[in-house]
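The structure is given below, and queries will be raised subsequently.
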């Protein structure tokens, strides 16, 4: 029945689920994350992805033991390239990705948070890039941090490895929302639900355009975005949305 | 008389004045805004422009009814191109533009705030980009938001359409100052007056250089700005300013 | 004795020391700053540089009297080019540079703070770019401010010349830490000590990579940073760090 479907949330929960290893992003964990993200990504029933971690650590980043024992440049290259691939994939997905953080997010785990579209964290969460302390500077996390935080704040994190509180992370722009721990689930679902109320192709076009124009100079960015506004209006759901608005009724999205 | 002129504020007030339509940026409103902005723009008596809105809404953005009924890609293109033209014009003007916001600024109205050089808002003001909710993602506003706010904060606004308070807008950099409503007029005029106390060609050169170098890499930016400092010193008002400073007297600007 | 060496802090204190002239960045002061910065810069005993100012003013920026009396475009060009050279040098140094600010930092003095990697300030510190008030717009400081602060906040500072408090500077990202005046020395040294506990070549590689990738688009940035992670692991101290981590012992850096 259509009516009951409206209340369903079309989101996918991806849970980093190796708490004994602090959800370390081993090569197998990263590969499985990539798989989970891409599965049925074109399905119109999928509208938003939520990434969270099981246990007190969201993710501790790369698996240093793996990097130590699986020797050889070839393996190391594979780890960092696969990880970078997943991080750059997130903004390219047709659905928004929300990081739901409850606990510690360090190194590539912190990078994963910074690479999502939206990040909601509990007040007790902490963020750090402590690679420098163990002789492996967080250079790949720095790509995401440097584009989320003021430079001096990012550099202090990267050079000292010291943790930042959730409040500080919000203040500086690393995350977009902080709530008490007991509200984290509700608040994340509320945002997910809001997104699910919108048209999937409209969201997909908007998200893709945002990241595209951000890499252009302002004039080119406006040319890109103006063209997209016209395209958006010509979409079936663009037409439906504006008609519904004018008629003061709820829009009935086709999502296609 | 010269002496009395010194106390006059050389500012232009542009008031978006269609409160019944929530100051929607219809094609005619945008065209008239462009005209108001450009009128006598080279006059040395004009030193600063203040944009405000009549009524409880600063501006609600594009006129969706117009977009719905004035069908045809050609019309839509004209609307978005004219709007983008006005937004990109603001940083190119030789005088600073201050947004004075008292109330709600949504979609292209929020973009207008983000596109000014300075933005002062009352505490009760709210900012949002709710296009996604009616099937028309705020892609052109995203150009301005993405260059004013941390990415995750901008994306959350664009993907959910939810409003941000004036305090949050200040925290994240969308606006530069928040005051109680009863101080809004005074504070805006105080800033305008400060700007009017400076030399018009010095302000014009400085503003143009700021936006130019921001689109360059750091080394090129420094070459551009260093050259401009030398040019600035060679200006009549550059010479006058430094002489006045050294002689501990008030400078007498030529403004030309 | 090795054991006692561990407690030594390998930092260089550079003190701007002309309080009677408010630590103005005269050509001779800038040249001496460049010399102090570059001295023995490749020594493995140097791990971090701290720049502070003697007296109540960190630095008041360019020496306007010098600019007024030492006439001629050639001299002016030399001043701004030398200053820009020092500012662009700071991110290129192999060791982190911390600004320790206690008091007023204006114009090129504010630019110097913005150009360091980390900036710690006392609560009473103030930041401004008042050049516009004396007819010399702070265009070169604008290069550093525009890359540290939200644009509207930077523009308001540059267009009005009004001061910003240390708390506001932290809120907006100009500095990375604020402490009460009586904690400034301790907090700065604590951060310096943290950095000295890490491997010098790892820090150098990480710092250089951060600024390099920040000028690239995201995909190129990730390619650059991934390659560097592999290189970092192959460094002697990269190997030592990861082995120490796995063996749960303190790393013994070679720093070479």
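We call the chains A, B and C, going by the order they appear; numbering starts again at 1 in every chain.
In this text, a residue touches a chain if its C-beta (ideal position, glycine included) is under 8 Å from a C-beta of that chain, and two chains touch if they have at least 3 such contacts.
In UniProt terms the chains read A, B, C = Enoyl-CoA hydratase domain-containing protein 3, mitochondrial.
It should be emphasised that the depicted structure is a prediction, and the values quoted were computed from it without experimental measurement.
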Angle of the C-alpha superposing rotation, chain A to chain B, to the nearest 5 degrees: 120
Chain C against chain A, contact positions shared by both copies (same if over half, else different): different
Rounded Å distance, chain A centre to chain C centre (Cα mean): 31
Sequence positions of chain A contacting 2 or more other chains: 147, 149, 171-172
In the complex, chain B residues that touch chain A: 64-65, 67-69, 73, 76-77, 80-81, 83-84, 87-88, 91, 131-140, 142-143, 146-147, 149-156, 158-162, 171-172, 215
Chain B-facing residues of chain A, complex: 96, 114, 116-119, 147-149, 171-177, 191, 194-195, 197-199, 202-203, 205-207, 209-210, 213-214, 217-219, 221-223, 225-226, 228-230, 232-235, 237-246, 251, 253
